[in-house]
Structure formats: structure tokens, C-alpha cells
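Presented sequentially are two complexes of chain A, the first with chain B as partner and the second with chain C.
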Partner chain A sequence: MVKIANSESTFVVLLCLGYYLVMTIIAPGFFTVNNSINLLFNLLPLLIISIGQTYVLLTAGIDLSVTAIVAVASVVGGFMMSSDTVWFHNEFTTLFLGILGMLVVGVLIGAINGWAVAKFAMPAFMVTLTTMMLFSGFAIWLTQSQNLYNLPESFVEMHYTYFLGIPVPLYIALFVVLLAYFLLNRTIFGEWIYAVGANKKTARISGVSVSKTLIGVYVFSGFCAAVGAILYTARLETGSPVMGQNILLDVIGAVVIGGTSLFGGKGTIQGTFFGALFMTLLDNSLNLLNLSFFIIMMVKGMVILGAAILNTVVERSLKTG
Partner chain B sequence: MKRFYTCQGLILVMVVLALACKRPKGRTTIGISFETLQTEYWVASSDALKAACEENGLDYLEAIANGDANRQFEQVNNFISRGVDGIVIAPKDAHTVIPVIKAANRAEIPIVIYNRLPAPNKGSYTTIVADNYEITKQTVRYLGDLARASGKQYKAMILIGDLGDTNAVLRREGFNDAILEYEDVIDVVAEVPTEWNQEKALAGVTNALQANPDIGLIFSSSDFLFPSVISALKNAGKYHPIGHEGHVLLGGFDGDAMAYQLLRSNYLDADGVQNVYYECDLAIQAILDILNGKEVDSVLVDPGFVIHQENLEEMAPKMWGANLEVP
Partner chain C sequence: MLLRMRNIHKVFGKVSVLNGVDLQLERGQLLGLVGENGAGKSTLMNILGGLFVPTEGTMTLDENLFAPTSPNEALQAGIAFVHQELNLFPNLSVMENLFISGFPKKRFLGLSLIDQKSAREKAKELLSIVGLNVSEKVKVGQLTAAQQQLLEITKILSRSPRIIIFDEPTTSLTRHEAEKLFQLIERLQSEGIGIIYISHNLEDVMSLADEIMVLRDGNCVRQENQNAFTLPKLIKDMVGRDLETYFPQRDVTPLREKCLEVSQVGAEVVHDVSFSIRKKEVLGLYGLVGAGRSEMARLLYGLDVMQKGTIHWNGQKIQQPSPEKWVQEGVAFLTENRREEGLMIQQSIARNIQLAGLPNYTTPLQTVRFRDLDSDVEQQARANKIKYNNLKDQSVATLSGGNQQKTVLAKWLMIAPKLLILDEPTKGIDIGARHDIYSLVNDLVKKGSSILLISSEIEELIGLCDRILVMGEGRIRDEFHKAAFDRSAILEAALHGKENQTLAT
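Moving on to the complex of A and B:
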């Protein structure tokens, strides 16, 4: 099993490398410093949200509400930080509490998802689809469809603020990636996640707290979506109730291409990193090739479908021996 | 053997990179970014911009963001990476375009904002915009004159757009200021918020017609909402041509193909028209002027015009929707 997981990770690494080389030749402007910075900034929020989704998929669940979490976190951050609403008078307090508020929103929605999935044994698909509708509607109702502007300068300049030569969003992403890697590979919680994903009954008999594990992964997914919302909101300088509306396909695609099993119990943070990188490369390069948005969507859909089919075939071959 | 493959791999990488770096620079290229192509107006604008590029011997790239401001930001950054010489953007709204302007300014690439005035900011840019306020005011005045001439009292409804969009705000202001001049004959009883969404418009107009069945004047802030207005009027049994006793005075804004057909079939009284071809020529010319070191005003205004039953034959050739076919 481990061997197959490794070979899948190798596959996605080679896929990224090969694709990068081909696009360097055929996509004008692809291999430039500017575009590398673009790729990095486009990758970071997607990677962070995909890492949260990886945790959920590892338990054989799915979190469709990440888009709604991004939207609600974005408008809550907008309300708390906009100079139009003036909740706080000190810039540091505004920034600190605004970001904290966004993270709390993500964790709370994640906790609701996890609680419903764990305590009522409801299908994750049903729970998170419902919370997606509920909280997307809530974000629009809260703002009456209006965007929130005039966010603090230190917040909106985040992508252009460097510390030791490295942009601030990269530190944020590094923190999330390392935290996710550590939790998954160096703690008992990580072992529980794999155990629950492989077989819930066996995990329960073995003494694993299935409920705590499930709640934990949805909370982590909510946290990651909120961190992604921080990056999106800062970049667009806007708290928007439709922020992140179209990222679900990219998020699930990144995790599946990264080799995480749709049936749970198998997947790595490294795989998701390369999956997210591939999705970002795909979007960026097809755009540079001047293909229309609709063709880009079709290509992405086909790639994700291909990855999902591969995922299912591998899973079946494992079960049949 | 392993070392042989490694060396081969390294050589391949070097060749690829060398090829990439040696790519010659072609003709002047313009990046055209649209928030959406969901309405005829945007499609006609996209076609007119591309035609203007071709007329001027320019290459162009086009990206559509499908209503996603974040994606539009990424697409414009891709244009910058690609090394375009100028950018024309029809942004999602007045505020989310600000980081896009900043990105273009950082790269020192001239940027023209098409059709939507950005919120005040310190960036350097040129905006091409129709005189939404004045065109709407003139259109509503025409409707007001018809109302006064009929000798009847009218209850009116306006469909307003997304108020995050400066154009929607100005059209609403133009409507309100024009209506003030006709307070003796027109009473505004319904403001339907549509957020530029057909379904919301249909639900809003239906509800307003139920609450006020005697509404006799409707102004739509965009022609693309006419299908919703007509559907609601038909359901209420109020869709009649000009001259019929139950005719509801109807006005719109944009000048699309449906508005042209409604004018021709005597259902639409007046329509404010944005001169798409003029605006697109202005946009491309502005970029060329900036590239040639000429001074360009920060706002270039399309005065537009009002088309109605009396000047239909005269003005139709200038109406962009008259040159399109209704799907």
C-alpha cells in the first residue's frame, strides 16, 4: 500500500516537472521571474485549503463547504477591519482581531460540520453541501451582496511585504504545511486519521476516538479555508460574500491528483502540494496560451476526472489483491 | 548509466531554458480582460475591441473571468508575465479593480478601464465610460414627456443593478433626478434590486406588479433584464404595444439587440445607448497614445444617445444592437 502511495507521489512530481518543461517551451512568458511569482501567489491559498481538504478525504469524508467558509471568513474579516465600519481604532488591534475573527469563523463552521458528521453519522457530502448553502446565503445576507473595502494598508500590502527576503504569505503557507505535516506524521492524531479512513469499525475497536478524529479533521479544514480566505481577501483588498465561489473544483482536484484516496486512509501532504502545484500550473499556462476560460475549465475537468478514475482503479485493484 | 541519464536530463533542461529565453518579441500586444461575457453588451464590446486591435495592427490576448474577481486578478497578472504592452479591462466592480491597477502600474504597463469607473485610488489609469447619468436622465425625460402628454397619472418602477457597480449607481441617480422633474405625473412606487441577475429581476418585478398592479412606467437599468420584465408583464396581463390603452411605458439602457427588436415591434418607448464602437476605439487609441508618450485624460466619456420611436430610423445605424441578431 505504501509502495503504491509512493509511486503515485512520484507520478504527480514527474507530471509537474514534465508539464513545467513543456510549458516553458510552448507558453510565452511562462518561464519568467514575474510568472514564477504569480505561480507562487496563486498556489499558496489553493495549497492551504487543499491541505485541509486532504485531512477530510483521508477519513473518507469530503468538505464541500470550504467555499462558504472562505466567503464568510472574508466578510467577517471585512466587517472587522474595514475603516468604513470602524470597529477598532488601533491598526494593530484591528489587524489582530480581524484575522483572529476570520480564523474563529473557519474553526466554528468546521466544528459544526465535524459534529454533524461524527455525532449523527450523517454523510459528509450531505452535511457539507447543506452548510455550504447555509453559510453562502449567510455571507450574502450579512453584506446584502455588497463588498467591504478600505481594509488596513498593512493587511492589503501583505503580498508585497517581505521579511528576510521572503513574502509574508509564504511564511503563512509554510506554517500551515509544516503544522499539517507534523500533525499527520508525528502525532497520534495523524495515526487516528489514517485508521478512521481505512476502516471506522476497526479503528473504533482498536480504541481510536472516531468522533474526536472526525471533528478534528473538519475543524482543521475550516481553519485552513479561513487562512486561505485571509490570503484571498488581502490580495483583492476586498471582503466579498462571493469570495472563493469557484475554487471547489480546484481544491478537490488538487487533493485527488496528489494521490489522496477518495475512499480514505491513503494520501500525503507532499502529494497534495504537488497536486495543488499542478492545478496552478495548468490554470496559469493555459491562460498564457490564450485559451478561453471555458476551454481551461474543460481541460481541468478532464484532468480531475482522469485522476479520479485512476484513483478508483487503483483502489479496486488493491481490494481485489 | 544513471549518470548518463542525469546528464541527458540536465542538457534537455538547459536546451529548453535557452529556447524559452531566446523567444523573439513580436508586435505590440494588448491584453483584454472581461469579467464576464454573459450579456450581449460584453460580447459586442469584446468583438469591437478585437476589431479595433486588428485595425491598428495589434496582437491581442483575451481572458474571461466568469464573474470571479480573484480569477480576473490572476489573469491580468498572467498578461503581465506574458509581457503585453497594454491592458484593457472590463472589471467586476469599482473596488476589486484597484489591485489590478496597482499590478499594472508596478509593471509599468498602461491600463485602460473599460465601462466601469474605478473607486478613487492613487493608481495611474484611463477610464472609458459612457455618461451613464446623463444618458439615463435623457431617456427618463423622454418617458416623462410621454407620461405628461398623456394627461394621466403614472406609478413607476425602476430595476436597479449591482450597487457595487458605479454604472448602476449613476443610472439610478439619473433616473431619480429626471423623475423629480415629473413629480406632478409620476410617482415611483418600486425599486427592484437585481444585482444584474435575471432571476432576481423576474422575482422582483413580479412581486412589485402584484403589490402595485397599476404600475404604468418601468425603467430597466440594463437592456439585458428585459426578458425578466417582459415575462413578469405578460404574467400580469400588462404586456401591450405602444398605442394600446394598457401599454406600460418602457425604457432601458445599453442599446442591445433585444432593445432594438422591442423598438421595432413598438413595445419599447425609449432606450439609452452606449456607443460601443466609439468606446472601444477610444480604449485602443488611449493605449497607443500612452505608448507613444502622449498625454491622455484619466476619464474619456462616451456621450451616448437616446433612441426612441421618433428617431428610430435616423439613429438605428449607430445602435450596436441593431447590428446583432436576436438569438
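Moving on to the complex of A and C:
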């Protein structure tokens, strides 16, 4: 069984490759420059949010509130940056404070999640489900269900701004991926994340600061969701209170397909990268095949269920084996 | 002859737990079964109860061959078990608990329904037989421990058993309640039911039993008429063996200086415990199961909430102890249940060993100095004689119990602890690994550390400790110094020692 566990990343890599090849053949307009850029820009925010989710899942938790964080961050950014509200007059200040505001929103909501999970030992599922409802509602109430337009030029042009031949969002994603990889694999925080996920009791007795670690992962997840919100908001040129409504399943699916254990203690950033890539390919290709939204939902649901079953089966055989 | 067990052997993996035990029980007889923890009492009874199939040996029940393959089969044959932990549903009523495996039924409109009325009547009747004066509607959670136990017995009686096994039935009862239980047991005997009574309370066993059987290391030391035993003789039969050779010598005398001072610590099951540990001292803590030893250690370490008392570490008061603080101070705690609290069972051996020491291997940027860490982890694994193939890829789940325990110990040795608390460190571990663990402990003391050793094995304590405290009912009952170690006296103190609150060290 150890073999399968170790080859899980290989499995998802092959899955992506195979799927890509098949779609190149059968999906019209799949293997084109336009669609490839489209794929990339769809992938980046999902990847970033999934990486934050990976941290949470590694501690045997779950963060369902990422969609709400995206929505709140998006509208807060919209308010702060839209020329309709005119909070700041200088474009640079607007951009800087707007983005900072969005990140602060993510970090704050993450801190609330982490605090509740760590201090009251509440199930993460319950905590983040309630914060999801709370902040989704908050985003809609705040804007009275209106979208915010007229964001600064430099912000919405982000996806078409190239630096050394590479679009800006790619730098942002690269930064998050490298930061996440570094924290997880090179620092004591990363080691503690695995320890807390593997066995909370053992970690605590061994002197691990379990609450700091838990708060840390939810804050990081909130931060990543906010970065994702920045990319989504810029691309849609809108601050929207329903932004990210439909991404929850994609996020959790990406992490689980990427081989991260729902029971904690096992998973990698690399795995999540390919998991997110697969979810993006799936979504993009099914769209190109002209399937309806509902059929796409059904297919995605089945794929994620399959991954979760595989995950559980492997886990169980590890336990008994 | 009601029950005869012949030449029962039981082997788990490579560990032999029972080596040819014979047991006889007559109708209406009470057999007292005594032995130290790990002597094989539970295994023997679990074989009778159908939970385990013996590796070798036969049983006859009323002269018929009896070979249960499941607890249910044994129950059908009339073997009933009253466990230390009762098998009741606290959220259900007395009546519901009584009939949980089969309510009286009636038919109504072709449907099979519960016949509430006859269930109620039958419940009342059953309760009156054992003299349990509670309403059948009361939730079991509201009953006292003694009432719950009577209910458990009621449940068993409704199945007309031939043999009832009692496992430590009096631990949660007051003396008065225990006497009432004994009367009931006598009545059951007079009805021809055979009783097997397991207890650490040897006085009870002496007064109740017709025959007594002593188990030690999976062997029946003897089964004889109760008259043939005296209390000291019984104790000697239980513990008398020569294990001195297993304990490596240590020529270290404790320093006068104290490292840990505990005064008047208390919580729910620990009452006003005071003691201190000197530098380079190995302090033993003995007591029967449920004496409050582990609970006391958990309080000290901040795993449970201390309600009163103070702790001083090297002269400084520790406010709100927590594992985090203790690890920083160099105090380690190897808990009793290594799977649940000692290890990350699916993670690699290396990850397990490095866990506690990680903060000592970080740079100011909080990155881990993996090169130093890895080489130290490997060195520690070798020093602990852990048998492994690959430190970084092999999960600890693949290791034997002894090697798992050495892994937990390696984790703690990585912080070079000044005080190491060991709770049953050799439970379920083979002799070779035990010896290795004892040697590691001795080496640590030679280097200047202190040890608090909690154990249910008197030999282990006598072999390793400079001083032994005996706990009972959450209090420290007695203290023995190395020169005056005496197995029988220590066991006796644990069983019914005089309370001794003012211990000078």
C-alpha cells in the first residue's frame, strides 16, 4: 500500500497528461493559444485558493469559508478602489490600499476561523460552514446585491500586463506557491502542520503549539483566498458579492485529487498543483464540449467522489496494513 | 464439574501470554483469580468468554466440549461477563437496557410491536430479584455506580447463566455497596451458578473464594482451596520471581538538590499529592489500576486541569503547567498509550523522533536546520537500537511494539530531558526491548537527569528506582527507600496502606 500512497502524485500527473491529450483530440478549440491562456488564467486563482486549503486539510480540518472570503474581499476591494466611491485620489494609493484591504479581510476571517477551531476545539466543518454563511450574507448585505464597477485601469489590466514576457498574475501565483512550499517544507511551522494533522494529542504532548499552528493554517487559507479574490476581481473587472460562489467543490476537489488526506498529516503542494490543473482542465474541456452547467456539475461531483473514495480506501488499508 | 479448562495456551504474534493453564470450577463454587497486571487473567477469561480462540487446549462445560468462536456463542452457552466497565447505555431507561437485545413483542394490525406493558412487568420482576429498587423508567445515567452494576447483573440473570465472571467488580463501589454485592453473589452461588471472581483486592478474594488460582506470567502457579492460602503467601505467589538480572546496574547516587517539588496537587481523582524529586534520582510510583498515578502525572504535565496545588521546577513556581512549557524546560512525558499519545503512527520514524526537539534546530527565521537535525535523528535512532530499514520512508506503524516505544523514547532523548516522566514504559514489550529501555534510562540518569517512573510492576520499580511512592485512591499512601524495598510490603501498601500525607524527603 505504501507504493500506492507514494505514487499518488504520479497518478494525478498522468491523469492530467492523459486528459490533456484526449481533449486535444476530441474537444474543438482546446489546443489553441487563446484557450491555453484561458486555461492558465482559470488555473491561477483556483491553484492559489487550493494551496491555502491544502494547509487546512493537512491539519485534518476543512475551510468551507473560502468562497465567502473571496466574496467579502472582492466587495471590500471594490469599495476601496472603485472610482464611484472615490475613497482615495491617487491611483497608486488606491491600488495599494485596495489590495492591502482585500488581504486584511482574508487574514481576519481566517483568524476568526482558526481561533474558533483552536480555542474551542470546535469541528472545523461547523465553524467554517457558519462563517461561510455569515460572510456570504455580509458581502451581499454590504453591497445591497449590487456589483461594483469602474475599478482602476492598472488593476483590471493586470492580466494583460506583461513583465519580462510573463503576465503579472503568474508572478503572483508563483509567489504564493513558493511561499507555501517554503513554509511547509523548510520551517518549523510546516513540520508542526504535519504533526498536528497526524496526531493532535501526540503533537500537544511533544510541545507543539497546536493552537498557533491551527490559527496559522486558517489565516494562511484566508490569505490565499484573498489573493485568489484579487485575481478574480481584476479579471472580471468587478467587485461582486457572489464571486466565488461555485468554486468550493473545485477547491476541495483539487486538493483531494492532488493526494492530500482528508484525515490530515499527508499531502504536498506539488500534488495540489496537479489537482488544481486537473479540475481546470475538466471544467474548461467540458465547457468546450458544449455540455450544460448541470452536466458539468454532475461530472465534477463524480470525479471528486471517486477521488475521495480512493483516498479513504488507501487510508483504511494503511491503518489495517 | 461445571467447567474444566485444560492446558490452555495463547500466543499473540510471537508473544506467549498463556502457557498451559488448567482451571476447574464446580457448580456453585467461587473461584478467586489473582495475578499481577499482565499475568494473563484477562486473556484466560476472554478465551472462556469466546473473544479469543486458544492456540492450544480444550474446555468442557458440564462435561461437554465447549469451543466458543464468538462472545455471543459463549453467552448462549451461559457464560456471562461483568466487566469493570459496564456495558450499559446511560441515555436509555432501565427497561430499555434490560431488553436491548430483545423486547417482548405483540402483534397489532399485522405489525410486530414492542409490548410495553409486559416489558414493564417483566422488568419490575427482574429488578426485584436482585433487590434493585429503582423505577424501570429511570435513565441509566442517573443511577449510582452500584445500581448500574446491579442492573448489569440483572441483565445477565435474565439469560439464566451457568457461569458469571466478575472483573474487579468493587472498584467503583463503597464498602457498604460491596458488601451488598457479596450477598448477592452468595445467593447466586446457592442457586448453582459458578462464579469466577477477579480482583486486586486480595482480602475480598480471601473471604469470598472457595478456591483461589494464582496466575503469573501466563502460568498457573497454583489452584488450591482457600484455606491453603494466607495473605502474605498469596502475595508472594503473585509477585515472587527473580528478575534482578534484567535490570542493569547504575552506580549513581541522587544529589541532595531537588529539581521538582509538588505540593498539595489535587483534582477530581487526585487528592493533595505532595512529593519531590532530586536531581539524578529515579523515583518510582506504584499503585493498582485506578490509583490515580497516571492522572497525577497528567495534571503535572498540564494535560488535565489542576484544581489546586503548586509546582516548583528548580525552585521556580510554574504557573499553569502546559506541555509546551515543560518541553521548553526540558521535561518529557512518555505516556501510557503510545499509539494514541506517543506516536504519529502513520508518519515516518524520522518525523516521530524529531518532533519534540524541533525548536532546538531552528534558525532565527524559523526555518529548520535539516542537515543537523537529520544526522542527530539518525544518531539517536541508532543509540536507541531501533530496528528499521529506512528512517525517512518507513512509517512507525510497521515497527514492533518494543521498537515503537524506543522511537517515542528517542523523541524525548532528543531534547536531553532534565526530568523524564515514564508511564508504564514497558507495557506489552518483550524482554529484549525492555532491557534496552532500562539501559537508556540509566544512561540518562548518569548524565544528570531525573526520572519519574510509573509502573504496575513492582520488580521494575525495585530494579530501577532509588525511592518508591505508593499511591491508592488518589493519595500517596506510603514511601519506601532503596534500602527498605520489600515487594510484599509495597503491594500491601497499595492494597490497603495507611494514608501517609506528610512525607519528608
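Everything that follows uses one rule, which is that the second predicted complex is superposed on the first by the 316 of 321 C-alpha atoms of A that agree within 3 Å, B and C clash if a C-alpha of one lies under 4 Å from a C-alpha of the other, contacts with A are read in each partner's own complex, and residues count from 1 in each chain.
Criterion: contacts are C-beta pairs under 8 Å (C-beta built on N, C-alpha and C of every residue); 3 or more make two chains touch, one makes a residue touch a chain.
These numbers were taken from a predicted model, which means no experiment stands behind them.
Asks: Looking at the combined model built on chain A, do chain B and chain C fit side by side or clash?
Replies: fit
Asks: Put simply, what angle do chain B and chain C open at chain A, by C-alpha centres, to the nearest 10°?
Replies: So the C-alpha centres give an angle of 130 degrees.
Asks: Pick one for A:A203: touches chain B only (first), chain C only (second), both, or neither.
Replies: The second partner, chain C, only.
Asks: Using the touch definition from the top, say if A:D283 reaches chain B (first), chain C (second), both or neither.
Replies: After superposition on chain A, A:D283 lies in contact with chain B alone.
Asks: Please determine whether it is chain B or chain C that touches the greater number of chain A residues.
Replies: Of chain B and chain C, B contacts more residues of chain A.
Asks: Once the shared chain is lined up, is A:F189 touching chain B (first), chain C (second), both, or neither of them?
Replies: Only chain C; A:F189 stays clear of chain B.
Asks: Which partner chains sit in contact with A:K266 here, chain B, chain C, both or neither? Use first/second/both/neither.
Replies: second
Asks: Considering only the touch criterion stated at the top, classify A:N35 as touching first (chain B), second (chain C), both, or neither.
Replies: first
Asks: Contacts for A:Q146 in the overlay, against chain B (first) and chain C (second): which applies, first, second, both or neither?
Replies: In the superposition, A:Q146 touches chain B alone.
Asks: Look at the superposition and give the distance in whole angstrom between the closest pair of CA atoms, one from chain B and one from chain C.
Replies: 26
Asks: If I apply the document's touch criterion, which positions on chain A are contacted by chain B in one structure and by chain C in the other?
Replies: Of chain A, no residue contacts chain B in one complex and chain C in the other.
Asks: Which positions of chain B touch chain A when the two form their complex?
Replies: Residue list for chain B touching chain A: 12-13, 16-17, 19-21, 23, 61-71, 73-75, 77-78, 80-83, 93, 95-96, 98-99, 107, 119, 162-164, 195.
Asks: Of all residues in chain C, which touch chain A in the complex?
Replies: 301, 303, 323-324, 326-328, 333, 335, 340-347, 351, 354-356, 358-359, 362, 365-368, 370, 393, 395, 397, 411
Asks: Which of the residues in chain A end up touching chain B in this complex?
Replies: Chain A reaches chain B through residues 21, 24-25, 28-32, 34-35, 38, 41-42, 145-147, 149, 156, 232, 235-238, 240, 242-246, 283-284, 287-288, 290, 292-294.
Asks: Which chain A residues qualify as touching chain C in the complex?
Replies: Going by the criterion above, the answer is residues 2, 186-189, 191-192, 194-195, 198-199, 201-209, 265-266, 318-319, 321.
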